[in-house]
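Listed next: structures, encoded as structure tokens.
In what follows, subunit A forms one complex with subunit B and a second complex with subunit C.
Moving on to the complex of A and B:
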């Protein structure tokens, strides 16, 4: 195969696909990106996968000879990034020896044949539906931080995405906190096979990156028994759904939290960031004391010292003291847009509930700490 | 002066005392499982080359007349406690190093008990009268030399090395005879041309430090017979660094369900013991040994300190699930470390993040109830359902076991 390609287009596509590439190196070919050149439509197709997430993209190129090869994605990306000239020539021979040339630079790298590369799952184009990408983006942003990173708890390593007649919902948890966002409309997706799926974190983070880019024709999604596919222009991401049962989130939404506090979001965020500097390093515990005259935040680090800060709040009930991991509060406050938030509590050992003051579509539940 | 008392072939000797038919015969004490290893061989068996750690087959090959005796931990513990009581009559500064070994600080006891030699002889007599067992006693200016002196005559030895004799004793002594210098270190030292303690003492400290780091300095001192470690009497030890249990399986298994059952049992033993001593740990280590004896460990650090059986079990299980077993498993071990004292005295709780879906609080109360029942009626009287079907496997006593302190069941 042989093609000529412009550096910016090559780099952009490589950057996008190399995020997927398997880093743990269980199968050498998974470190590679597969490239196939086609002179009919003058494009090069790119494929990368870690067997959980598949990404397909394509780029315009001047194709001189059809063919395909796979080559180490990371190295190819590094090379292309540093090449001096705008025009790049890419060539692969029968033995998968790849030659990349630009200006006076020449790189030879060994590739592997595409016949050994995993096959991209078939995406049924007719099932693709256009989704409100801004809403999807917002839902991801308000929940992504609470996804569990503990790989052994695979049933919470992703986003619960479900819809019923009226509501589309996204829920994440790490076992200590839970974020839930609901959209009243169906975001445009109505005829999908499954109404409740678990979307893995890694794949969704790639989708999230894609959502940030300019989009000409809209963002399409399709959900089948085992996979979710997302399509934007030439880019297709196929995600294998997580298997397992997401915990029953409805059960942990607290009821009867009768202490209601309203506080300015930015004030709370900046105060917490300051005070938590002196919370002990492993568990970022900060004590919250809500009184009718204000909220007092304190953090103590036995070896270093302590910090206190007072904030104005709207609260008229009895004094209540509770400790939270500051990180859990900061993550949430960073992710939401609201000016004021409402915190409702029951007692110092029961979960705290956070909503926006206007009582919109966002619910955040966080378990306290025993200090 | 420091005295080292080492019971000779302890487990085997106890068995020979208890059963006259075994006296003078080659015997080996083993665990109760079919594939256990030898924990102690009598001197009669040692003459044939039978050693601790061999399996029955190997021992039988070396010594066809060998008699295997299944170890009875209770007997050893009782005997050990009686011996320690005797030693304590001579000095309050007794460090029980293991079930059959103790260090005694005898500085300042001369006026009461005479020379170290006389005192050693007196202790040996006392132990022999009370238990019928013989021991090797070594005396030296510090623990290192005392231990060395104790090793010099076995069985039934009594050796005193005075401070002035240390240099000449060490001069030609191979380094591997020193306490704490194992085969690996010996090999490294040999590569550097160091074979005897005399050579070690003469070797430039700078070089040793470069090669072995902080240990290098200690090695150089050891070569000159200098050792700083004091005798630490009971109750003044540093807090236990870890609580762990391991077991060799009755037969190799690769079935995950069975492996997990052992994990649960080991976790329960670790949990119970930690709770009994009001300790909580944060690091869970899983040890696995494959059928080819390849042994490895994997760790998992928890978000907070615990001694909850179930949390330990779940962590061990998580580690297990991250491992691709390449062959059947022969030995499993679970260890809890990074310990601290449990300020609440209750299982499962303490200063930490509460769980959203967890039931740790209810579990804490459950474990407390289980512990109190098992304390009253014996281990595993009340236990987890999945352990119920299992035949009692052998739980071999660990060599570092002590008759008191955290390791006591």
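Moving on to the complex of A and C:
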């Protein structure tokens, strides 16, 4: 195969696909990206996978000879990034020896034949539905930080994506906190077959990256019992779904939290960041004391010292003291846009509930600590 | 390769095919039987049978699912096996906890078609910690999963692992099967094939190695030297130990020595058609001593292999001294006195 391609286009596509490439080298070919040139429509198709997330992309190029080859994605990316000239010539021979030329530099790399490369799963185009990418982006941002990173608890290693007639819902948890965001059903996901699936973290992070980029024709998504696919212009991401039962989040949402506190988000965020510097290293425990005159945050580290800060809040009930992991609060406060948040509590040992003050589409539950 | 092209193991294959046909596939299997006799191949073909979209229970071997399983590039197939500390495959290595975690990671995805299959090669090389981490998955794997443990030394597996698997015992291949395979595949003459088949102890892998190299005569030569060690030949024993400790195929040789012991026991008991030996000598030795020698050699093999990695030279010297003691028949001051 042989083609001529512009550096920016080549680099952009490579960057997008190489994020998915397998880092552990259990199957050598998975560290490669597959390129196939097609002179009919003058495009080069890129394909990369770690067998969990598949990504397909294509780029315009001047194709001189059809063919396909796979080469190490990271090395090719590094090479292309540093090439001196704008025009790049890419050539692969029968033995999968790849030559990349630009200006006076020339690189020879050994590739592998595409026949050993995994096949991209079939995406049923008819199931793809256009969706509001800004809303999806917001939903991911508001929940992504609470996904569990504990690989042994695979049923909470991802996003629960649920949809009924009226509402599209995304839930994540790591056992200490739970984030839930709901949108009225105008996201555009209507025809999906199953209404509750588990989407793995890695795949969703790739989707999130894609959502940041400009797109001409909108963003399409399809979720079936077997996999989830996202399509944006020429880029298609296919994600395998997670197996397992997500915990029943409805049971976790506390009831009877009658002490309502309204607090300015930015104030709380910056104060917490300051105060938590002096919380003990392992768990960033910070004490919250809500009184009718204000909120007093305190953090103590036996070896270093302590910190206190007072904030204005809207609260009229009797005094209550509770401790939270500051990390969990900061993650959440960083992710939301609202100016004011509403914290509802029951007592110092029951979970706290955080909502946005205006609407109720966001719910965050965080377990208290004993300090 | 479809089931029908696999040499031998008809009984075991039939059981597996029936399980697929009746849709009663167990969640975990243990394929045990002599090394290099085709258990891994059967396991892979079984994975094909569970995933082939064209025909069932006999996989076609030609559709894209089958081909990708053969290439080990199918998303539904996860294979793990012993590796060294750097993670590179190494038959003498161990299966570490990281590998078990990797397969658990692979199992948490939902299948598109067919069933997820995990093949754990040389499962007896599971580190105890890794085996413990594996137990929960082994007992109750996620839906649509089949775990296949393959081992030539099932007795070395933890009882907790054994009790969680359905066991499929592979017998040594019949001599005629090995002979026919050699005649068809290597073009070796019928007579020579029969001789090699006879020596191979029912293992195609060993038979092929014997065809390709002089391994058999080398092993025979060393075996006769080991067996000829007299009670007071300490120097010879040490020299031999020194020579063998530098040898590449030491594990294979120790296996061979074990088989020799087994043959000799069989021949003392009046059996014919022995596994590795046509001519048996040294019948003076009694059955009990031979059994003891077998255990001593096995103990040395385990000590030398990873994770013990005991100094080969010292361990071989110790082994030879014990063997000499055994053959001298006395309770053995001679060897120690000589040292």
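Everything that follows uses one rule, which is that the second predicted complex is superposed on the first by the 369 of 371 C-alpha atoms of A that agree within 3 Å, B and C clash if a C-alpha of one lies under 4 Å from a C-alpha of the other, contacts with A are read in each partner's own complex, and residues count from 1 in each chain.
Just so it is clear, a contact is a pair of C-beta atoms (placed from the backbone, for glycine too) under 8 Å apart; a residue touches a chain by one contact, two chains touch by 3 or more.
For clarity, every value in this text was computed on a predicted model and none was experimentally measured.
K.L.:
Specify the outcome, clash or fit, for subunit B and subunit C once both structures are aligned onto subunit A.
P.N.:
Superposition result for subunit B and subunit C: clash.
K.L.:
One more residue to check, A:241. First (subunit B), second (subunit C), both or neither?
P.N.:
The answer is second: A:241 touches subunit C but not subunit B.
K.L.:
Is A:227 touching the first partner subunit B, the second partner subunit C, both, or neither of them?
P.N.:
In the superposed model, A:227 contacts subunit C only, not subunit B.
K.L.:
State whether A:118 touches subunit B only (first), subunit C only (second), both chains, or neither.
P.N.:
In the superposition, A:118 contacts subunit C only.
K.L.:
Report for A:52: first if it touches subunit B alone, second if subunit C alone, otherwise both or neither.
P.N.:
second
K.L.:
Contacts for A:367 in the overlay, against subunit B (first) and subunit C (second): which applies, first, second, both or neither?
P.N.:
First partner only, subunit B.
K.L.:
Of the partners subunit B and subunit C, which touch A:142 in the superposed model: first, second, both, neither?
P.N.:
Neither partner.
K.L.:
Would you find which stretch of subunit C runs into subunit B in the superposed arrangement, from 56-64, 110-118 or 128-136?
P.N.:
None of the options clash except 128-136.
K.L.:
Which subunit A residues come up in both lists, the one for subunit B and the one for subunit C?
P.N.:
151-152
K.L.:
Quick check: in the complex, which residue numbers of subunit B touch subunit A?
P.N.:
Checking each residue of subunit B against subunit A gives 303-304, 318, 321-322, 349-358.
K.L.:
If we count contacts the way the header does, which residues on subunit C are in touch with subunit A in the complex?
P.N.:
64, 68, 71-75, 87, 101-102, 104-113, 142-144
K.L.:
Once bound in the complex, which stretches of subunit A touch subunit C?
P.N.:
For this pair, the touching residues of subunit A are 24-27, 29, 51-52, 116-119, 121, 151-152, 154-155, 157, 200, 225-227, 240-244.
K.L.:
Under the touch definition given earlier, write down the residues of subunit A that touch subunit B in their complex.
P.N.:
It comes out as residues 150-152, 173, 175-178, 247, 252, 282-283, 285, 325, 349, 351, 365, 367-371.
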